[in-house]
Amino acid sequence: MSRIDGRTADQLRPITIERGWSKHAEGSVLVSFGDTRVLCNASVTEGVPRWRKGTGEGWVTGEYAMLPRATNTRGDRESVRGKIGGRTHEISRLIGRSLRAVIDFKALGENTVVLDCDVLQADGGTRTAAITGAYVALADAVSWAQEKKLIKAKAQPLTGTVSAVSVGIVGGEPLLDLCYEEDVRAETDMNVVCTGDGRFVEVQGTAEGQPFDRAELDGLLDLAVKGCAQLDGAQRQSLAS
Amino acid sequence: MSRIDGRTADQLRPITIERGWSKHAEGSVLVSFGDTRVLCNASVTEGVPRWRKGTGEGWVTGEYAMLPRATNTRGDRESVRGKIGGRTHEISRLIGRSLRAVIDFKALGENTVVLDCDVLQADGGTRTAAITGAYVALADAVSWAQEKKLIKAKAQPLTGTVSAVSVGIVGGEPLLDLCYEEDVRAETDMNVVCTGDGRFVEVQGTAEGQPFDRAELDGLLDLAVKGCAQLDGAQRQSLAS
Amino acid sequence: MSRIDGRTADQLRPITIERGWSKHAEGSVLVSFGDTRVLCNASVTEGVPRWRKGTGEGWVTGEYAMLPRATNTRGDRESVRGKIGGRTHEISRLIGRSLRAVIDFKALGENTVVLDCDVLQADGGTRTAAITGAYVALADAVSWAQEKKLIKAKAQPLTGTVSAVSVGIVGGEPLLDLCYEEDVRAETDMNVVCTGDGRFVEVQGTAEGQPFDRAELDGLLDLAVKGCAQLDGAQRQSLAS
Amino acid sequence: MSRIDGRTADQLRPITIERGWSKHAEGSVLVSFGDTRVLCNASVTEGVPRWRKGTGEGWVTGEYAMLPRATNTRGDRESVRGKIGGRTHEISRLIGRSLRAVIDFKALGENTVVLDCDVLQADGGTRTAAITGAYVALADAVSWAQEKKLIKAKAQPLTGTVSAVSVGIVGGEPLLDLCYEEDVRAETDMNVVCTGDGRFVEVQGTAEGQPFDRAELDGLLDLAVKGCAQLDGAQRQSLAS
Amino acid sequence: MSRIDGRTADQLRPITIERGWSKHAEGSVLVSFGDTRVLCNASVTEGVPRWRKGTGEGWVTGEYAMLPRATNTRGDRESVRGKIGGRTHEISRLIGRSLRAVIDFKALGENTVVLDCDVLQADGGTRTAAITGAYVALADAVSWAQEKKLIKAKAQPLTGTVSAVSVGIVGGEPLLDLCYEEDVRAETDMNVVCTGDGRFVEVQGTAEGQPFDRAELDGLLDLAVKGCAQLDGAQRQSLAS
Amino acid sequence: MSRIDGRTADQLRPITIERGWSKHAEGSVLVSFGDTRVLCNASVTEGVPRWRKGTGEGWVTGEYAMLPRATNTRGDRESVRGKIGGRTHEISRLIGRSLRAVIDFKALGENTVVLDCDVLQADGGTRTAAITGAYVALADAVSWAQEKKLIKAKAQPLTGTVSAVSVGIVGGEPLLDLCYEEDVRAETDMNVVCTGDGRFVEVQGTAEGQPFDRAELDGLLDLAVKGCAQLDGAQRQSLAS
């Protein structure tokens, strides 16, 4: 059975990772998973939030947002409504946790990196694209900080790599990297964040329709691990170029 | 190896489910998982949110909050700060999704049930206690609506039961139903929502320290399924009394 | 003439004061005036608000809130609406003022006590139950602070006791401690806060229907003073146990 | 003993009531109690708030605010802070209740009158000046509505007159109509709202220092009733001119 | 062709500038342009905003607001809505910029002057009246600060004078100082802020209907310069008295 | 004298207008003025705001925002701060007014077009780039609506073209299209919005340092008119391709 866009069940959409997109940010990546495009900007500042001062440890956090017309129908701006929605909050927190999983805060020193992930165009999988792109922006920001001597010589703040992918059960079949149309029809939806060595940082599975059983869960995890391994390759290739 | 409070690794804390706690709500349950106490009130109103009108289908949603001194140090009120925090948003959404997984909206008809889950005292596992208690409050609210003829004769809005439990890896060992002290020290933390027949509604696993591997994930899922089965029993017993 | 619930005009509802309700707070009281139940938690922190620093004097303040389904029909959460309503503001301020009337700030030293009064179930008189319960929680919190040596030896921050009761004219007759049904029908409604020696800390009388004359006002004050004396007894008994 | 400004204990400050201050409002009064100046504008609109539609009854409400430099030191604007403070809320509600006490809602018909009371200069007693001035603005607005035939012929929405004054115990002595300097030093502070026939609409007494006894309360009420009688005279004179 | 109120095309409305209106503010001016009345209060405080500390330079800023019934139909309070509207923001910023154009920040020293411009009655031209009145309040506040020795002897913070006027094309004809009725019908609307020597601080022209050509723009600027010269005279006269 | 980036005084930066940037919006343009890049998305919806219903006329409005790291140092998100800043408000309103100047609302019919202008990278002139790009997006959106028959056959909602450019006096010399570095050093800053036939829609000139005289103003207007004529050409070329 072929998918809406002709892919096989375990095939990612075309992935592009464009570094140095913006001239201002210390790391700036425009990542695309098919038609999903997210601009990931990493901002480095000396110092840490108040509750962390004097610990000698750094901090990494994320903020996610969508442009109002990133989607098929226009959504109101959260700045105009005067508050951030639950989904935005949730994804921002997820991005921060995911990146902190590969950071050695002592090695980072009392510096803060904020990862702004702004969805310019959405077609499913915006949070997983955001994490995957943000990792590359973070790596560039860390290199910048090393060059600027904000980080001690020989300190290696990055302890690994991290990427993320969505998987789901659509029409009874487990699929990798759902586009929007598939996502809407999915019975089960799962986002998985993995390190480059294939371990899990975050697993979030949700039954949208019927509850799912252990075998289905296992099938989805298998797919996700495979997908993340490919994304890890794409990240390495981008950083090597 | 015995736990802080003398439990075995796969043992729940003492669970109590007190129905009819408040005289006003259509379903009102004070649930406790050890020292964690959550008041779950179900409010039934005729009608549905605007976007659902005319569909013939009902709606179920949840709101989670903590009293300011439910925890060891006092937290500011979200009403005073003027906005809801990310964690509150996230848990409220999780409660709603979990309960909607066992609801037949057609059978519910154009009625809305809101589950207010207010944590009176927190000692770890507040979200899982909230889901477990809210299900019982929801069942009572549905019975009330059936008696009041808000729901059609013979319609059965509840398609199953649902409960939730936390699991985690502490000191390298997988443990069931973490109390606060264990939760703080957990390397991996997972919340699992299951239906009474042992299938999954939601799986949320997070590496707090080291990423976790597939074997660890499998061990945690095994524990959680066992725990939910016991909670399912406690719910049935409470509803039968 | 007998009242809705069989009481005489000058009779309080059954009063219970349960100390040590929550394990976290320095003082924790679940107070009930009939079906009205309020959880009063006292939180002690070292230090005072900025405007009071360096004065050697402490501070006591109150925050009042209702759970959304404390009442017969569900109210929206103030945290969700993003702002605190006028009634909540007013009662929070009243609680703070009432307790500060029996505090010697010099003796308290630069410590702050926050009294959180959360209405779990409402049936009229929530603000008066809150003040009455909060006093007992405050007394426990002060004892705790004395034990912890946060307060100087021999310093006695409490200069007296304080309690509160509602009175009102219903069907032309002055009644003590109105329940919700009576409150709704009252022509005049008054909340009175007294010290244990029978003096007034606060008198707030409002004509809901017809304005009231001096004789009616005098009758209500007589009733309130009697009621507060009984509440003072209940507080002392609770603190003695 | 003479007061700061040379008045006797039972003497009001010079009272002026200037009608027709603004050309836009249906009733517009600039009231002054000594150096306290409040602009009271009454706005009449056809229709009532949603919860009152179809009842045939009108509504009257009040909004109180202070210009940022009405006081000796500048206060932040509540619009800039993004929320209304507790004191503002409390006084707005008091103004609304006070005026509704002399309104026959049936006679008013489904019309709404909003009384905006903006303090241009503050020197104590702003809420009592606001109520006293707002009554006159309301009376003018009702006359306007009668002329415009928004109110049925012969319907008399005003059932009486209402005014307000502050009293307090300063240096052990009960004083009428406190100016700011007296207010700051008052041991007990009371605001009393009376109808023209000398009955009470609202009595709000607060011990700022020592609790007060029944004799002191009685003395304050006597003073307040006298003061309101004089204010009632000033209102009638103004409306007659 | 004569105007609605009988003025010629290049004639200002009657201008009054009343100094010392409020007793609290360091500079307090009630300015009127015809029926437009704006209270301009200048508040001086020692110190500057955080971002300016240690520079030795002062700061001047403005805040503009309208009373809810300053206009023909009542507007909601921005404090009640919980946010400031775009128009308010825009005018507040314009007032601040206009006054800063005639301030020598070094001479002012690390002091801040806030100009609160509250529209008590609106009939067109509220922002230009506000700027014109605020300048006089600022001049008084500077004098006060000089007397209080907050400003160094011989330092002259004011480098010039500033006033503002509106001009517009109504029915094809360029008019000076539009009243509300003219403003509503204007095809082009322009606000011009000038210094006393006839140079421009701010020019804001907007086509409300048809775009305007260079000749029309020139005609409007000519009118505005003339109007500002007259306002400058009125300011000087007021400050001299 | 040559400029920072080698341009002559009356030379625009390289201008690019990329249509069809996003697949979702009815008109989508990525416009760049040198390093300033703004994504302008036009969203068409049937219907108009409440206050315009039943008039047979459409509506066009704009919303402007900057990504947090569009600038050299990261700015907080307005959604996180919970309110929109004055500058954002001001520019959003300017964009709306500018585009409405070339719209025939009757011809548009009861349809609404929202222009979202999100600055992806800022280097001066973001508002003028936004207006220039938004016009092209609006033109595409109107064509789309014509094809979809949302607009009546033969109706021509666009009555002209509109573009905008900044001009300013830097080091005493009038310059066209300031980049950020020039903007910061400008003594006078002006934004001019012109129609394709060279008339003015909006003129906003501000003295940042010294006030400017009539000759300087005239010089700036001359430059701006020339610049807009070139931008008009770029727009036409883009729409023709």
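We just call them A, B, C, D, E and F in the order they show up, numbering each chain from 1.
To be clear about the criterion, contacts are C-beta pairs under 8 Å (C-beta built on N, C-alpha and C of every residue); 3 or more make two chains touch, one makes a residue touch a chain.
What you are looking at is a predicted structure, and each value in this text was computed from that prediction instead of being measured.
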item	value
Same-residue or different-residue interface between chain B and chain C, half as cut-off	same
Chain whose Cα centroid lies at the greatest distance from that of chain D	A
Whole-Å gap between the CA centroids of chain B and chain F	50
Centre distance in Å when chain A and chain B are each reduced to the mean of their C-alpha atoms	28
Separation of chain A from chain F, taking each centre as the mean of its C-alpha atoms, in whole Å	33
Residue list for chain D, restricted to those that touch at least two other chains	82-84
Chain-level touch network, classified as line, ring, star, complete or other	ring
Touching residues (chain side chain A, partner chain B) in the complex	83-87, 89-90, 92-93, 97, 101, 160, 190, 194-195, 197-207, 210-214, 217, 221, 225
Chain E residues touching chain D - in the complex, by the definition given at the top	22-25, 28, 35, 39, 41, 43, 45, 63, 65, 67-72, 74, 77-80, 82-84, 88, 114, 116, 118, 120-122
